[in-house]
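Letters A, B, C and D mark the chains as written, and numbering starts fresh at 1 in each.
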Amino acid sequence: MKNPVTTASGTFGFGPEYAPYVDLNRLGAIVVKGTTLKPRAGNPPPRIVETPAGILNAIGLQNPGVEHFIAEALPYLRQFDLPVIVNIAGDTEDDYARLAARLERAPGVAGLEVNISCPNVHKGGLQFGVDPEAAAGVVRAVKAVTTRPVIVKLSPNVTSIVEIAEAAAAAGADALSMINTLLGMAIDIKHRRPFLANVTGGLSGPAVRPVAVRAVWQVYRAVKLPIIGMGGVVTAADALELIMAGATAVAVGTASFVNPRAAMDVIDGLEKFMTDNGVRDINELVGAAHGKDGK
Amino acid sequence: MKNPVTTASGTFGFGPEYAPYVDLNRLGAIVVKGTTLKPRAGNPPPRIVETPAGILNAIGLQNPGVEHFIAEALPYLRQFDLPVIVNIAGDTEDDYARLAARLERAPGVAGLEVNISCPNVHKGGLQFGVDPEAAAGVVRAVKAVTTRPVIVKLSPNVTSIVEIAEAAAAAGADALSMINTLLGMAIDIKHRRPFLANVTGGLSGPAVRPVAVRAVWQVYRAVKLPIIGMGGVVTAADALELIMAGATAVAVGTASFVNPRAAMDVIDGLEKFMTDNGVRDINELVGAAHGKDGK
Amino acid sequence: MVSLKSAVLAEVLENREVAAGIRLLWLDAPAVCRAAAPGQFVHVRCAENLDPLLRRPLSIHAVERGKGRMALLYQVAGRGTALLAARRPGDRLDVLGPLGHGFTIPAPGRRMALVGGGIGAAPLFFLCQELAERDVSGYILAGARSREQLIVPSLPAAGPPDEWLAPGRFVRRAATDDGSAGHHGPVTDLLAPLLAGREVDAVYACGPRGMLQAVCALLKRYRVPGQVSLEERMGCGVGACLACACRTAGEDGRPSGYQRVCVEGPVFAADAVLWEDRI
Amino acid sequence: MVSLKSAVLAEVLENREVAAGIRLLWLDAPAVCRAAAPGQFVHVRCAENLDPLLRRPLSIHAVERGKGRMALLYQVAGRGTALLAARRPGDRLDVLGPLGHGFTIPAPGRRMALVGGGIGAAPLFFLCQELAERDVSGYILAGARSREQLIVPSLPAAGPPDEWLAPGRFVRRAATDDGSAGHHGPVTDLLAPLLAGREVDAVYACGPRGMLQAVCALLKRYRVPGQVSLEERMGCGVGACLACACRTAGEDGRPSGYQRVCVEGPVFAADAVLWEDRI
């Protein structure tokens, strides 16, 4: 990776949507929208509602399916000098394995991000993300059929994220990413009903950053795997919080909706911070807030 | 209760702090700062840090102990026409039982709020709040020695808040309150260390409201106990979200720091909403967002 | 090195109330003006901080390409638009756009009905501007709750160009729910006889969901083609988040999945939209 | 019915830069003025929305009771104070206070040293105002990084009242870290000889933590009483949240627990503060 900044799955489409605003060649990597075996229609609208310093979304994993991804989205992305990480989601262990196997045969896939934590599909993975056994099962199934690096995306909606992280690590994960959205909800008080058609949604944006920093901090101390940190990164300072908490890379998500160039601004801001503070290698900052009692 | 609005424990002191700004007689009830058997010094500063639409706090249950509470704070509060709910916290089941027993002999205690969910003390209860067995144990121990209504305060830092709620209900809780703070953290990037002396803290304020609404919604569907909803209530509209999700009463917390009259403004706003919408009894609105498939 | 688009910081030139709760905002935004087509929208950042967080979609109401000026016509509906209302001339506004897929410009000789309901009529003014030089004629039908909310009659307030409305070629008619101006009843009451009498070749409509649905039902009944501009809650505005879903039908009339209001829309063929009940 | 206090919406009268990055804000706030005592602070809501969420504590810098005007002297340090800097005359600012426990007004005849470091010197001006009519004399010692940041010499810029500083009774001395004004070195270099020479009966100090700690060490060494004004991160500002903890000692010098900077402070007896290392 040219730099430690990537895009959070589901917030940056498949690349072309933000290409008019962002030089994709400058991104450290792109993580594309969650992909499933079959095309998925997603949830009925409304799918989004604004909350204080955040949003709730319930897209429901709308996506054109892995075949379409390989036929259409991947060739587009391969024009760029840009590692492509494919976020995969399924209803069963076997779904994940089949997705990984199919993508193994697709040229230009730099890694897989295994989404075991989407709160917006009823069978779509959340059960895996909250149960260490189930999480490990998915990871093993994917690892068995792929040679690509496997990043496991963790849910914050658990009593102990460390427990799930450890299970994923033991099952062979190459890296961890966190956090997916917090399970939340908003009520339309005028109509006295849930705001989202899906009832609950996933909370993201600046509001959740403290939870993301804590998750990265805890997992960094417990598990020796690289972490991709995400959750509420808007500026380079936010990214630095996650990096100093232990993230090797960061993803920009909701912030892109507010500022299409957010990922670029984070890249530029990190460079400036490094220059201003005489930091040669960003890795000097990874986990820096743990001091000597870190790992 | 004159109205469904109370104060969230730890955000309104023991009453006198806000008495210059708020007519305490107008509150539905007051929930005082978490009280322990022995005085507790709390955590070293810094104890607070601002986050997007929220704050992280790590007070560490600083309080003068139950004897001082009974001798000093309670007589002050008894001057008012105001139900006093005492928030209690301990390190062991026995601590909770002794606190409840001691308060049983104190006149003017309208109820106990059992805090099994404070994230800021190392032994102070969090283990109870995340484990259904332990939660039930505390509730049974308290119920055995008190005739006062027992409200159990739940943590959102769990995989299933419903599971804990059900355990508390089965153990005899009279009501549930939720949510306590979300476990979070902030990094001071200038000094490359955690911002709070306690490292992690509890996230509260508007940022967490979607999580609170979701928790109330889920528990309302599963458990037939009154719910006191809290988390990010700033306005009457926010309170109505919690009420329509299933809360019988709401507590105003962090908002008081921003606007000392926040609880009054919520009371006035609820009255206005009821008048404008021809609602005679606030209970008509409790759980209204569940529609016919609610309970 | 590719040349990248970006949001612009447009200077506020004017921002005043033109009808009850409705304001007209002129911006200095030459790049947006150059690229804009009728029916497109801009995604506006209303706060300078994170509260409120998301941008707000607003249709392009008028464009003066020569001067590089464009106007938005907006209703103060909530927190974002209230912040917009507080912007003074000289302030800078973060504007992303033009975005989305607008109205098809009708072929010369066409007879059109342009139907606007409430603030939904905002984009019709820009459309009229573009049609002014073309040989297109027909009707502008404006509906509103009452006289105060009627938008089309207030269009000239947007600037000098009464002639932009090309009244010679477009007949204006109004309908209000309370009868305080024009026809007493829904605006579709004005449309139905035009369709029945085959007086128009196509209908373009924007406004509240209920009105659009009624328009589409009439179009289906009289087999007249049309286009409607939809609203949906948005995240990104550029097609990346899939928040702004609208269920559409394929050629065969069967559901073909969700389209994005911000990219495939906001203007859709009237017969493509499936009016599923919103929960 | 009790009469309740509340935050006031104070009109901004003036808001201008008076030193590098330091601004003076005059507010119309008669009720606050009436109740204010030197060393107290107000808790200011910098945004009208939720970002940033918390109020900001700022010392009361000057009070003109007759006119009902008060001034804050603030350094643009972060987002809240940057928003303050953008307020224009005529805007209204949500101000809660006066809050906290200020300086004890010295008895007549006392000889004082008032020590201010950087922006910490803000409350000393109000203190000087209150002492102007009293028979109190001594020294004002102002420290700063360099000439541009020196606060006390810029005090007259706060209005006409050079005489408020009662230079006849107070001798002013400055110290800068870079020697660009006054003594080249820390402001405690100016204090030490005064203490050694028994030239003052008491010392009041406010400024950065390190400076206050050094002042307290000198006071202990020379057994001179004093008071220091502390800063700590605040939530409520009224004593309810226990966020603003400061470790103090009892009469016996042993730790007596945490006090609240917003209620028991911000001004504490110099010998009560335990200077525990902040992590």
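One rule holds for everything that comes next: a contact is a pair of C-beta atoms (placed from the backbone, for glycine too) under 8 Å apart; a residue touches a chain by one contact, two chains touch by 3 or more.
These figures come from a predicted structure and were not determined experimentally.
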Subject >> Maximum centroid distance from chain A, chain identifier (CA atoms) >> reply: D
**OP:** Could you tell me which pair, B-C or B-D, is linked by more C-beta pairs in contact?
**Re:** B-D
**OP:** With chain centres taken as the means of their Cα atoms, state the distance from chain A to chain C in Å.
**Re:** 36
Original post:
Quick one: chain C and chain D, Cα centre-to-centre, how many Å?
Top reply: 56
Original post:
Taking each chain's centre as its mean C-alpha position, how far apart are chain B and chain C in Å?
Top reply: 47
Subject >> Where chain B touches two or more other chains, by residue >> reply: 52-54, 193, 205-206
**OP:** Find every residue in chain C that makes contact with two or more other chains and list them.
**Re:** 50-52
**OP:** Indicate which of the five shapes (line, ring, star, complete, other) describes how the chains touch one another.
**Re:** complete
Subject >> chain C-touching residues of chain D, taken from the complex the two chains share >> reply: 47, 49-52, 79
**OP:** Flag every residue of chain B that touches chain C in the complex, lowest number first.
**Re:** 52-53
Original post:
For chain B, which residues count as touching chain D in their complex?
Top reply: 10-13, 17-18, 20-23, 33, 39, 41-50, 52-55, 57, 59, 62, 193, 197, 205-206, 234, 254, 256-261
Original post:
Which chain C residues qualify as touching chain A in the complex?
Top reply: 1-2, 4-7, 45, 50-55, 96, 232-247, 257-258, 263, 276, 278-279
Subject >> Residue ranges of chain B touching chain A (in the complex, touch as defined) >> reply: 51-54, 56, 130, 157-159, 182-189, 192-194, 199-201, 203, 205-211, 213-214, 217, 232, 237, 240-241, 244-245, 285, 288-289, 291
